[in-house]
Structures are given as C-alpha cells and as structure tokens.
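Letters A, B, C and D name the chains as they come in the text, with residue numbers starting at 1 for each one.
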C-alpha cells in the first residue's frame, strides 16, 4: 500500500488542543445553535424581571444572582450539547480508538465548554446592564476575572457529569440533577464575588470568595483529569 | 463527646468489616446486633422521653435531640460508607464495593431525609419556623439532593459495569463536594453562625444521647447489611455467566 | 451541638418553652414509623434462598 | 514501550506474534442478554477471516471487542499477541475499525474530519494527506461539504478513508459493503485486496458471503453468539 503515513504519538496537551480546536470549529459551523442558546439565556434574564415585577432596586441588588442562574441554565444545555455532538456517530468512541488519551479529551472538552460559557457571559453582560440597570464600567477587569474563574468552575464538573449522563437514560433530567447541587459552592461564591464587584466591596471580602471559587475550580479540574479515563473507558 | 463518637464509628465500621471479610460471622453477628438494637431502641426512647431531665431553656422539646442527632449521624456514616466503597471501586473493580456504595447511598438518603424532617419538627417550636437557612440544615439538604442524583443515576444506567464506574465517580465527587458546600454555606450565612459547645449539655442527657446513638448504629448496621445483600444479589443475577451453556469452541462444533 | 445551642440562643429573652409534647410525639412517631417502613421494604426486597454468590 | 508503538509503515513489519487473533473463552453480556457466549477462536498471522452469521449473532460485538471499544464480560482477547484489555493503548495503535457508526462529525466537512484525525495521529501535513485520501475514495468534489449532507454511501467512503489514514495492521471491517453502489462494492473489494497485499490482517463481517469468501481464507460462522467454525 503506497499511502502509509508517518504516524507518531503526540503529547497530551497537543491532543487536548486539537480536540479544543475541533470543538470550537464545530460550534462555529453550527452558529445557529449558539444563537438559540444566547436567546434562551436572555429570555431567562427577562423572565426573572417579569416574575419579580418592575422593582428596579430589587433587580439591581440581585442582578448577579439572576445573571448566574441564566448562565447556569444555558450552560446545562451547552454542556449536554457538547456530548450529544460526540454521541451522534459514536465519535467519542472514534476518538478513543485513535487512540487519544482520555485525559486529553477531558482537557479539550472542558476548555471548550469553559470558552462557550465565557462567551455567553460576555454576551449577557450588556443585557444585564440594560435590563437590571447595573453599572459595570469601573470594575470591568475585575469582573471579567470573576466571570472567567466562574466559567472554569462550572465547566470542569459540568464536563464530567455531561459525559456520564450523555449515555444514560433520561439524560436531560440527570445532568441538572447531578450538577446543580454539586455547583452550590461555585454558584454561591461566584454570585457573591460578582455582586461585590458590581456593588462595591466594603469589607474587602471579594478576595475570600474568589479564593473559594479558585479552590473549587482547581479541585474539580484535578478530579476530572484523574477520573475522566474511568468515565469514558467503560 | 468526640472520642465517644469516634469509638462508636470505629465499632460500626469494624463490625461491617467483620461481616465482609469473615464469612463465618455472617450468619449470626447481624442477628445479635439486631436483637441488641431491637432492645436498645425502645429503651432509648423511654430514657429520652421520660428519664432525661427537661432542659432549662427549651423545656421538653429538646427531647427530639435523642432521635434527631443519632438519625443524622447514622445518615452521615452511611454516606461515608458510600464514599469509601466508591473510592475502593475506582481503585479495584469489585461488585462488593459497588453494592456497598449502593447500600450506603440509599440508607444514607433514607436516614438523612428522616433526620432533616426531625430537625424541621424541632425547629418549629424553638425557632418558630419549619426551615431556617442554618448552614447545617442547608448543607444536609444539598447533600440529600446530591445523593438522590446518585441513586437516580444508578436507576438510569442499565449496563452494570458502566453503572458501577459512573456511580463510583459520582460518589467520590459528591463526597469531595460536601466539605466545600459546608464552608461556602457557612461563609454565606456567617452572621448566623454559632460555634458548637458540647459543655452546654447535661451529663445525664449526654448518657441518654450516647445510648440512643448506639441503638441507631445497630439499626444502621442491620439495614446497611441487608441493603448490601439485596444489591449484591441483584448484581449476581445481572452478571451471572451463562453457566447453563457448555463451552462451545469451533473444535467441538465442527 | 450547634443545633442545640443555636436553638437556645434563639430563645434568649423569651424564657423557657412550655409544652410542645405534640412535636416530640410527632418526631418519635416519625422516627419509629420510618425505621419500621424501611425495614419492611428491605424485608420485601430480600432474596430468600438465594445466597449471594461470590463475585470477583 | 513495545517496538511497534508509534511505528507506522506497519505493512513491511513482521508480526510480533504468530497469532493475529487469539480469542479465549470470551463472553459478552448486554443487560440480561448474552451477545457472545464462550467463544474461542484463533487466527494465525497472514490469514484473513470472514465472519458470518445472522443479525444479532454477535459479529459486531466480536469486532468491537477486538477493537477494544468494549471489554469482554469474561474471557480474554489477544490481538497480535497483546491483551485487548490490559494493553488497550497498544492494541488501538494496531487496529482499525470500520464500524456501523461512522465516527464522523456531522457538522464538519469531509476534509476537516480527516484533518482532525490526521492531527491526532501526529501525521505531518494533515491537509495534503486528507486530500490524497479523499481522491482515493472518490470524494474530492465533496471535500468541503459537511458530512450532514452526505448520503449513506458517501459516509461509508469517508469512513473508509478514515480507516486508511490509520494504516492499521489489523483491519476490522463491519459490513463494509452495505449502503454502497455496485461500483463502490468493487472499489472496496479492490481495497481489501490491496490491504491484504500490504500485509494487513483483515477481519471481514458481511452478509455477502460469496464476495467475502473470495477475499478471505478462513471463515467463522456465529450462531446465537456461539462459534460454529467451518
């Protein structure tokens, strides 16, 4: 056979990068899906204000909480989508048989999900400013740092649970059921941190909430890296 | 208090290990524990309801502590069993640890839900509300939802190997999450937090409490053991080799 | 025991709680009922005559 | 690290073991059903195997176990002398699986699908290689269309290109002729001959027994998950 190609094993990070690139390419090629996701999240934000009435002070006070709930709901959809793509033609199995290190699959997928959720955050931010009347101008660098760490905190456990529930029955129920209680610490700290950035940090407690958030992220990225091979290798 | 608790936990774990690894004990130890627990539970209830003195601030209502605390501790211990079994499964696949994880989670959720309800019943006359966003209450509630998710996952996966692996992963992650939940909720409610102080409890109350804890540990042990047997029998049915079929290679068939 | 002390602090200034036996009976009743029901459910789910096979 | 790991021009290399496949008392259970029951079979190196049997007789299960996509419930499988469970990584480098699932990303184009795989395999200049292979399976004209728009036959061709990209030492082909037009079937037959000439062990599961017989030396017939030999 003439066409024998020079195959050489590649490193973990390189493989993760290829998977990340592939996921982002797929997301780019199916932009309609992202648009739908964004509208879903915006609709959630609007619904909060409808449900609570036009009390501007109340909305402004709770803006951080509503925004993260909107992001959380949308990210569940995005997470399960990221493994539905892999389930369509058993491509996850195809990746495994290449062979690709499952840990590279975790890193690639979790980074891809983090990028997606972060993009969602950036789109929701102006919407939040408009409908909840908060001002973000002064704390923008801090705010983007909080948002970025928050997205990392959601994406690692989200990726593990999405991979598990993608192959179970009733996966649409299972993913939020597993993920939401898990994410309580991340949600609490990211909402607190966001609120502190938006409303001013009088007692200088932003640092400790960010610390908790970082701890959570680091633990779950490490845990995911360690257990993901078990999750996808039967 | 702490040492008594640790000693009791160690005793319960030891009993369980005895059952798992020493086949001869299986027939009678649990029966002895069941008889002991069966005798201690009514006695504990009697001590709790009438023998223990009434409390200086809370009057009689505090007597709920004698069922609430042992119940929640039993739930926690069951979930510790789940964590140990899950971690063990990830290190070495075995149907024993898988079944033990299932048993621990279910018994833990049952005891935990009852314990939470008891706390709520206690909260009504003392705090005036059924639910207070106390860190301990909140953490317990989140914990129960987490392990309900674990049990749901077990229900929704048909392949026994996949179910075992995935639920072990979820069991480990849930256990890792609990301390973080505890800290985050405590910070979140930092204004309300009151440090525990075991010295506020009367000697005779303490004795009654320990007595009840022992009784509940007996009950927990018996329940856990039987739930484990059920799980293991279910696994055995699921994974039984087709022993009815003779080994058929092409050699014989040809 | 933060439950206990917490409850005690909540009562400061309100004096001692009187009565409340209906809550105590409810709690003990719930405990016994749930223990019994769970025991029954385990009994119903048991596999009689099928000793657990030794699995790997 | 075995000498073959990462080696490539596998065609010229002599096989490390004398048996290409060694299946030892293998059973596989799906839920309560036994897809494969106590199957034992050996295939010497250099021979190719035709796998036949009715639907549900366990052909796909066997191929997927050999490909290490699923693990046996009991028993042992050796591929080129390596355990398909314990040495999964090495076995995966040696095998290529053409499965019922195409392993193709629906939203990527034909070319992108191959490029992603080529990158993961560490192949230099993945684009050129992808182009070469697309020509070989006759999909050059559609290389920039997303797979979602492909017909079943075109997907099959692309899946075959995916298999060729890996140049496996053991090719596991599950129904390679299905969904192809007569010209496509002839091309796949020619391809199998080429693979065999290059020293690849081919395991072919198909219902087209006549075509299959012409391409292989031995045959294993499965009934109800049990091997019947020939």
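Simple rule for what comes next: contacts are C-beta pairs under 8 Å (C-beta built on N, C-alpha and C of every residue); 3 or more make two chains touch, one makes a residue touch a chain.
Every value quoted in this text rests on a predicted model; they were computed, and no experiment measured them.
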When A-B and B-D are ranked by contacting C-beta pairs, first place goes to A-B
Based on mean C-alpha positions, which chain is nearest the centroid of every protein C-alpha shown? A
Computing the C-alpha centre of each chain, which chain sits at the greatest distance from subunit C? D
As a quick test, compute the distance in whole Å between the mean CA positions of subunit C and subunit D. 58
Using CA atom averages as chain centres, what separation in Å is found between subunit A and subunit B? 33
Go ahead and note the Å separation of the Cα centroids belonging to subunit B and subunit D. 48
Please report how many Å separate the Cα centroid of subunit A from that of subunit C, as a whole number. 39
Taking each residue of subunit C in turn, which ones touch at least two of the other chains? none
Residues of subunit D touching at least two other chains: 71
Can you tell me which residues of subunit B touch two or more of the remaining chains? 158, 161, 239
Touching pairs among all chains present in the structure: A-B, A-D, B-C, B-D
For subunit A, which residues are in contact with subunit B within the complex? 157, 160-161, 164-165, 167-171, 173-174, 177-178, 180-182, 184-185, 188-189, 192, 208-209, 212, 215-216, 219-220, 223, 227, 230-231, 234
Subunit B - residues contacting subunit A, complex: 90, 142-143, 145-146, 148-150, 152-153, 156-158, 161-162, 165-166, 168-170, 172-174, 176-177, 180-181, 183-185, 187-188
Interface residues, subunit D side, partner subunit A - complex: 5-11, 67-71, 88-89, 92-93, 95, 97, 99, 101-108, 112, 116-124, 129, 132-133, 136, 146, 162, 164-167, 194-195, 197-198, 200
Interface residues, subunit D side, partner subunit B - complex: 25, 27, 29-32, 34, 37-41, 71, 73-74, 220, 226-230
Touch list for subunit B against partner subunit C, complex: 41, 45, 48-49, 56-65, 67-69, 71, 93-96, 107, 110, 114, 117-119, 121-127, 134, 136, 194-198, 200-201, 219, 223, 226-227, 229-230, 232-233, 235-236, 239-240
